[in-house]
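Quick one: the structure is below, questions incoming.
Chain nomenclature is as follows: A, B, C and D, assigned in order of appearance, with residue numbering initiated at 1 for each chain independently.
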């Protein structure tokens, strides 16, 4: 099923969950995929299953991001799809939080995304083709108590997505922000028997990413929110 | 291509453009489609092409809406997909507008949608299955000068969509609101040669509706915005 | 305390609560106030206390609105402040609601506001001076389950406010929408002893309206949200 | 005119414009004011005029922020009002921006605000009293092209404001975010003769801050937008 109009992808902040499902779905669609994470060990089974190329990166470091794009370029070709999936989350009362942890959270959620959008744009603009998807959260549209660093990071990510969409879309680059509103199903968070599909199935989310990738340029979405049917929002 | 998880559809406010593309796309997907409009004459070629069942309705009249759902039920089965595509638009300075035209605009854009959501919900809830898509516009998120009746109607439609999504989604009915941000391509509004795809291709919009219909219930969107790549927003 | 830069006011949808507090506050500020309601009997004590002129109107009827503006004009002078405070609320499951009650709710919450904005604009534009404040609710920014008619009406009101602000502000008319997020204190809804100020004090809301009326035209707000300090939102 | 229910204030990111007007207005209202900036030299005339206490701080440095709060405490008493007015702005195409400048911009616009909110909350919570106002911009609600770092910083600031409001308001601290939508009048940007009041008068903005400070806790706003009457938005 070669139904995706791009040939190569780089997913930053890879791991289980959304990025694993997306890696599998892209591989099935004939896309060459590189997956980058701080800890590559946890990518081993996904690499075995899909043939994706594992890369190591701390996304909050601009120079490492530059390097990982060069590596991805060598291994899977210039990425035509870039997905930013990393986020930094630290919870706590405002009075109790450690400033350096707040900085780190914002750096991972938002600055890392900027570095990746920059590297992606430099490579995509010459071809006037490409798609950049940023994985957001409810926290990016609603700032919750006891979660100010996550609110800051995810709001900033949304601001980046909107600004980048306005800047890059007219140059042929589709930029989209996906608001994940709910818990993603995993081994750690199984779907409850008595409330089926009350957690987001990562395969279902991956399909939404693919829907975005397949949108015709005359009808692009810059943002889409997804949540389980039973979620009160 | 029987890729749509519903068997029957009723599109209210049918005509050329979005609803014609959607009718064709649903027919190809194996869905039986009824299309309802105030003026059925303009549906003739679409009926010929797709085998869709034409029905007559003034959507701003609650009893006519009740009747058209009964007819649709007889002709294509209980609608599992309901799309509300009618809208009432009147432009002008606030001081100059005719109150009765404002009432009519709000009735067509929003009250008619309520009647349809009500009729749809009554039929879908017993099966805990169905999808309702409401066609919105930029005017539903941004109220422009000299267009207050359209702003009122489309804001009201969005409020209905959000309320209905919160009420019906946990009962198995997917309610979605699509914000069409830009001009839809048509014979009257051809795509400009020097700015390709600067008008929304109705087939591309129809595909977005299909993407919504195919979403897994663990990752439903209640709203999606679409606009041409070159649109400044 | 003649601190309000307008001389005359018409409040539509008057009663106890916000409009009573506002009437008192405006009277203290030297403004001549007319107060209009469907049932004028309930205005008697407010009239006694403030000298405000009571007028009878069903705001959902365009011709009655035209007439009440003419009466107000005769009694307190051309209204330089117009406040729309009426709203139609009907709760219930979408499947159970009576269409005619839904129509009535939208007419009172939104169409009546349009008629008033129209009458106000016709009188204010020649002087390029005036303020129109529309009383909104949380329901205008968030559509709740089991409350679709109120969501429709209050969303429509917000769309009207935004459109009217864009249209009329550059002509010298300040249009503002106040989102009341919480329950307003009253005899029927006293402030709970164990959660002081968890209901909105109508005098506090009236002060916010006065703050809006006093804003300098170089820094106008078109919307302001108010809620009790303890409200989770 | 001792009309402000707080006795002491600390304004971070002080300079001409909004903070100068606010300093004067607070001083007139009987509030002891400390004003902090990276470059204190530019505060000299304001200090002369108002008796405000000048302090030096780089708001993007958490430890400097801690120190400036201690100094303010000694000089004007524990700040009951804290205003964050600093922002970092760098414009440019995403592909051209220097990552370290982006980091700096986000640090000044958003991280510095976090440090200040934290220091403020620690001092205000024991008394369950205080007000924190964060100066936002249009860029915090709409991400513009060629301005991604400012969008990131101002979106993050808005996320912080919303999160802090939800966390601190029920503990007695009023947190508010002011969206300045337009250019603020200054010597560098005089109000154009042919479009009077098309720039925001900083005194008018300061009055809006005072309106917020004076709001009753039963009707607090967490956000308010201000723009010139002629601004298309």
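The definition used in the following text is that a residue touches a chain if its C-beta (ideal position, glycine included) is under 8 Å from a C-beta of that chain, and two chains touch if they have at least 3 such contacts.
Keep in mind that what you see is a predicted model, and the values were worked out from it rather than measured.
*Asks:* Quick one: which chain's Cα centre is the longest way from chain A's?
*Replies:* Between chain A and every other chain, the largest centroid distance is to C.
*Asks:* Going by the touch criterion at the top, tell me which pair is linked by more C-beta contacts: B-C or C-D.
*Replies:* The comparison resolves to B-C.
*Asks:* Since chain B and chain D share one sequence, what rotation angle in degrees maps the C-alpha trace of one onto the other, as a multiple of 5?
*Replies:* It is a rotation of 180 degrees, to the nearest 5.
*Asks:* Given that chain A and chain B are copies and touch, would you call their interface same or different according to whether over half of its residue numbers are shared?
*Replies:* same
*Asks:* Calculate how many whole Å lie between the centre of chain B and the centre of chain D, each centre taken as the average of the chain's C-alpha atoms.
*Replies:* Roughly 44 Å separates the two chain centres.
*Asks:* Find the geometric centre of each of chain C and chain D from their Cα atoms only, then give the gap between the two centres in Å, rounded to an integer.
*Replies:* Spacing between the chain centres: roughly 31 Å.
*Asks:* Quick check on chain D: which residues sit in contact with 2+ other chains?
*Replies:* Where chain D meets two or more other chains at a single residue, that happens at 166.
*Asks:* Pull out all the chain pairs that touch, please.
*Replies:* A-B, A-D, B-C, C-D
*Asks:* What residues on chain A touch chain D, complex-wise?
*Replies:* Where chain A meets chain D, its residues are 62, 93-95, 97, 99-100, 102-103, 106-107, 110-111, 114-115, 117-118, 121-122, 125, 139-140, 142-149, 151-168.
*Asks:* What residues of chain C sit close enough to touch chain D in their complex?
*Replies:* Touch list, chain C to chain D: 166, 169-170, 172, 174, 185, 191, 197-201, 203-205, 207-208, 211, 214-233.
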